[in-house]
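Alright, structures below, take your time with them.
Each of the two complexes below includes chain A, the first together with chain B, the second together with chain C.
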Partner chain A sequence: MKGFEFVSAKDARHAVALMAEYGPKAKILAGGTDLLVDLKSVPEAPPAVIDITRAADMKEIKVTDRGLVIGALATHGEIMSSPEIRDRYPALVDAAHSIGAIQTRSLGTLGGNLVTAVPSLDSGPALVALEARVTIAGAGGSREMPLIEFFVGPRRTALKAGELLVDVVIPKKNLGKPAGFQKFGLRKGQALALVNSAASFWLDPAKKVFVDPCIALGAVAPTVIRAPKAEAYLAGKKVTPEAMAEAGRIAAGEAKPISDFRASADYRRDLIAVLTKRSLEGALAVAERNQKESRK
Partner chain B sequence: MKRRGRGIACMWYPIGFTVAANPSAATVKVNEDGTATVLTGTVETGQGALTVLSQIAAEELGIAMDDIHIVSGDTDVAPMDTGAIASRTTYVTGNAIRLAAEKAKLILFDVAAPVLGVKPSQLEARDRKIQVKNYPQRCLGIGEVAHRAQVVMGEPAIGSASWNPPTVAMDPETGQGKPFSTYVYATQVAEVDVDDETGEVEVLRIVAAHDCGTAINPMLVEGQIEGGISMGIGFALQEEMLFDKDGRHVNPNLTNYIMPTSLDMPEIEVDIVPSFDPTGPFGAKGVGEPTAVPTAAAILNAVHDAVGVRITSLPATAEKVLAAIKAKREGATKKLTAV
Partner chain C sequence: MTDVVLRVNGRERKASVPPETTLLQLLREHLGLTGSKLGCDVGDCGACTVIVDGKAVNSCLMLAGQVDGREVLTIEGLATRDRLHPIQRAFEERASLQCGFCGPGSIMSAKALLDENLDPTPQEIRDALAGNLCRCTGYTKMIEAIQDAARELRTEKSARTAP
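Moving on, here comes the complex of A and B:
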């Protein structure tokens, strides 16, 4: 590892100021689970590593008038144990739990996972299925955008030079929306996703139909994608096992998985169909549990 | 849907190779403080060999394992050993160490016999003492005897020995012979869940019954069996070196060369089957490599029991298992239409 300057930011605003000072080649240190691996192999050291781990304003997980706000510095472990998330969003817990190993989950942050933006990232699909938005701070103020637009390509995001991802927000309209998450890797621990899938929908209590279904797929395209045809197929349809299976088959046709040494594209399509069906079933289980609890 | 299946596989395995001579040599010296030093050319590779070899020396000398200082691996100074290979260390090196310790012990008996007024053959080494058999109160401390051997008798208690497994060459006419000195046997039963929509095989439980002769250290035997099963699971379901069309290795790292993590390990029940091999040290044979032999076969038999497909190339990846399930379904459909 080459030598570099190390500076600590007090809060998000300070971090943005430091980024302006040290220029676009400076690196941000959040959990460090990707950065430290990269720093060991880069030929040239960055001019500075800006440590944001002490920026307390980026750590909180709370419900505000914007919705459920998850600070970019929240670790995967904190997401799994957060009382705001644990009981209401099992999809987010399952996604966080499927990342790396326990050490990665203790150190790695949601923001870091999203900014690294590998196509197989595990935190992306469940948040996209809940139509999460991201807040980005820059020297000129902050801006917001849907998370799905934040992903531009493999390892590429919409962040411009000098910009920092501050938080992720599940919008108010989706607070408590039932969602499910599924991942398939080649083993149980420390596995890259061959396919991951998330789905959310509101269950109409009287008519038992899908309302506002949303399906997101990971590892099957350069970025996380939605499956609009499958969503359109489900909207207003009666919730049945057959409908969920058919939505999975439609979603499989909407993705563009690759063939590589890990698996063939055909197998990945089979997985998309199965995992999408199962994430819909997962969302249904949450919806039914919520309705049972609200009747009590 | 997950489908449950069970499979059984049995194996036998020869202990120590015999293509060439396969000797181990060892030196054991008993010190004047009652401890003993063992010199061996074999090495510890994490399997616990030095623990077991120390136990063998301690048992022979009637002292505690903590009294043994074992020096290993430096081939410049240690007696020659064929190596920590071929599941031979406990059996072959163990025999050499036991014989070397016995020689040192016999010197102690020669020294102690006149003091205790008995013949050397009436003595035994137990509880850090050289004592008269059946009269343990007639005894001398082993350190005292070792000291006396050095400064009074002028014959320090040192033994060196080597052991080479006895074999019988193959008769060219009948094909008969005895290629290995001894064999071990095992049966493993695997219980799996196969996801018939993804092809994923989850190993839930493995019951492993192994014969290793006397289990000198049962906890290490258990550890060896559990370790071998993890290798067997990797062999059955995950591990594969992959090459592109130009012959380049495409997964030369542990991100992409998939092997089991602790989360992939099933519940394991180990049954050490009691047995005694008179040719081994205190009846012991070996347990290293044999532990990995039956696992993959048991798992694939369990997959067949669960979903009715035979996987004949390893690893049985989820993709391969799903392809076999689909082929079977299509075959069944074709048969139906033919009727």
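Moving on, here comes the complex of A and C:
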């Protein structure tokens, strides 16, 4: 690696101040699992690496009046073991678990994964299916936006120079919303997704119909996308295996997958249909478990 | 230069290193601990695995400045003068390694697993080893060794806690 200055930020505010001081070429170090790989191959070193791993105010996972707040610095391992997430959001646990291997999950952070904005990122779809929002801090204050709008294109986000992703919030209306996540890669560990899919819906306890179904797909378009036609098909429909399979087929028609050395576009479309059906089944299992527990 | 003070294998160590030094370079080139191996240097192979504050990490993906004030355990911290660690002994008895290059990393991943879970399922062991590439063995004998070590560590623990 070429030489650079190493500075540590105490908290989010300090990090933003350091970013202003060192300018847009400075790099933020959160988990480092992507940054260090990049730094080892770039021809020119950045002027500074701003280490935010000690910014304790960006690490917490807690329920507040905003909803479930996940600090951008929460690692994938911390998300998997968080008492706020573990039992209520298996989709988020499965998404975190599908990333890299244990060593990368101990270091890699949710914020870091989202900021890479690679089309195949694993933490995006489940959060988009829960309509997560992100908080961005900058020198002029902070702003919020839906996560799906944060992804602007492959490896491009809505972050402007000097801005920092601070946290991800599952809004209050979706607290406890049943969700499922599915990833298909060529191996269980250390593999990029060929397709990943997430789905959430509320199960109407009396009529057994889909309420507010939400489907998100990854690795099949330049950014994480929703599948609005499949969602509209499901809304108000009776929850049956046939309806879930049909939603998967509709979702497959809404994506624009590419062919590359990992898989062909046709194969990816087949995967979307199957994985979307399975994500819906996963959400249904959570919904049924929740209803059984609330009857106790 | 970045100044760091950290605990490595229970001992306080100090170093003053260029800021771009990775934890792996700090261990190997500045502290003389060459047990952790440099394999891919991009976080894929796991040969550099060490334990930082209880968690298995790729030491090639951390900068030295990040471990200032933290606790690092490397393969050199497992055996005592008199005996191998139960995981090391089980790897030896089961002939779990062939060329051995992945050994320090695989054993540290096993150590991090057993520190949190003394009774892992075979699937949990596979998950713990998913970030350690071994091109010789096919992993079967490592998994058996980790089961043996877990058994021994459980026996040791119940002997310690018996009235």
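The working rule: the second predicted complex is superposed on the first by the 296 of 296 C-alpha atoms of A that agree within 3 Å, B and C clash if a C-alpha of one lies under 4 Å from a C-alpha of the other, contacts with A are read in each partner's own complex, and residues count from 1 in each chain.
Convention: a contact is a pair of C-beta atoms (placed from the backbone, for glycine too) under 8 Å apart; a residue touches a chain by one contact, two chains touch by 3 or more.
From a predicted model like this one, the values you see are computed outputs, not experimental measurements.
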First, second, both or neither for A:218, with chain B first and chain C second: neither
Contacts of A:51 with chain B and chain C, given as first, second, both or neither: second
Of chain C and chain B, partner touching more chain A residues: C
Which superposed partner A:4 touches (first chain B, second chain C, both, neither): second
Contacts of A:189 with chain B and chain C, given as first, second, both or neither: both
First, second, both or neither for A:264, with chain B first and chain C second: first
Which superposed partner A:100 touches (first chain B, second chain C, both, neither): second
Partner chain in contact with A:274 - chain B first, chain C second, else both or neither: first
Overlapping contact positions on chain A, where the chain C interface meets the chain B interface: 101, 188-190
Interfacial residue positions of chain B with respect to chain A in the complex: 197-198, 200, 238, 242, 244, 250-251, 255-256, 258-264, 317-319, 322-323
Residues of chain A touching chain B in the complex: 101, 184, 186-192, 261-264, 267, 270-271, 274
Chain C residues within the chain A interface of the complex: 2, 18-20, 22, 41-44, 46, 49, 52, 55-58, 60-63, 65-66, 109, 112, 126-128, 130-132
Parts of chain A lying in touch with chain C, wherever the complex brings them together: 1-6, 8, 29, 32-33, 36-37, 39-40, 45, 49, 51, 53, 77, 100-104, 106-107, 188-190
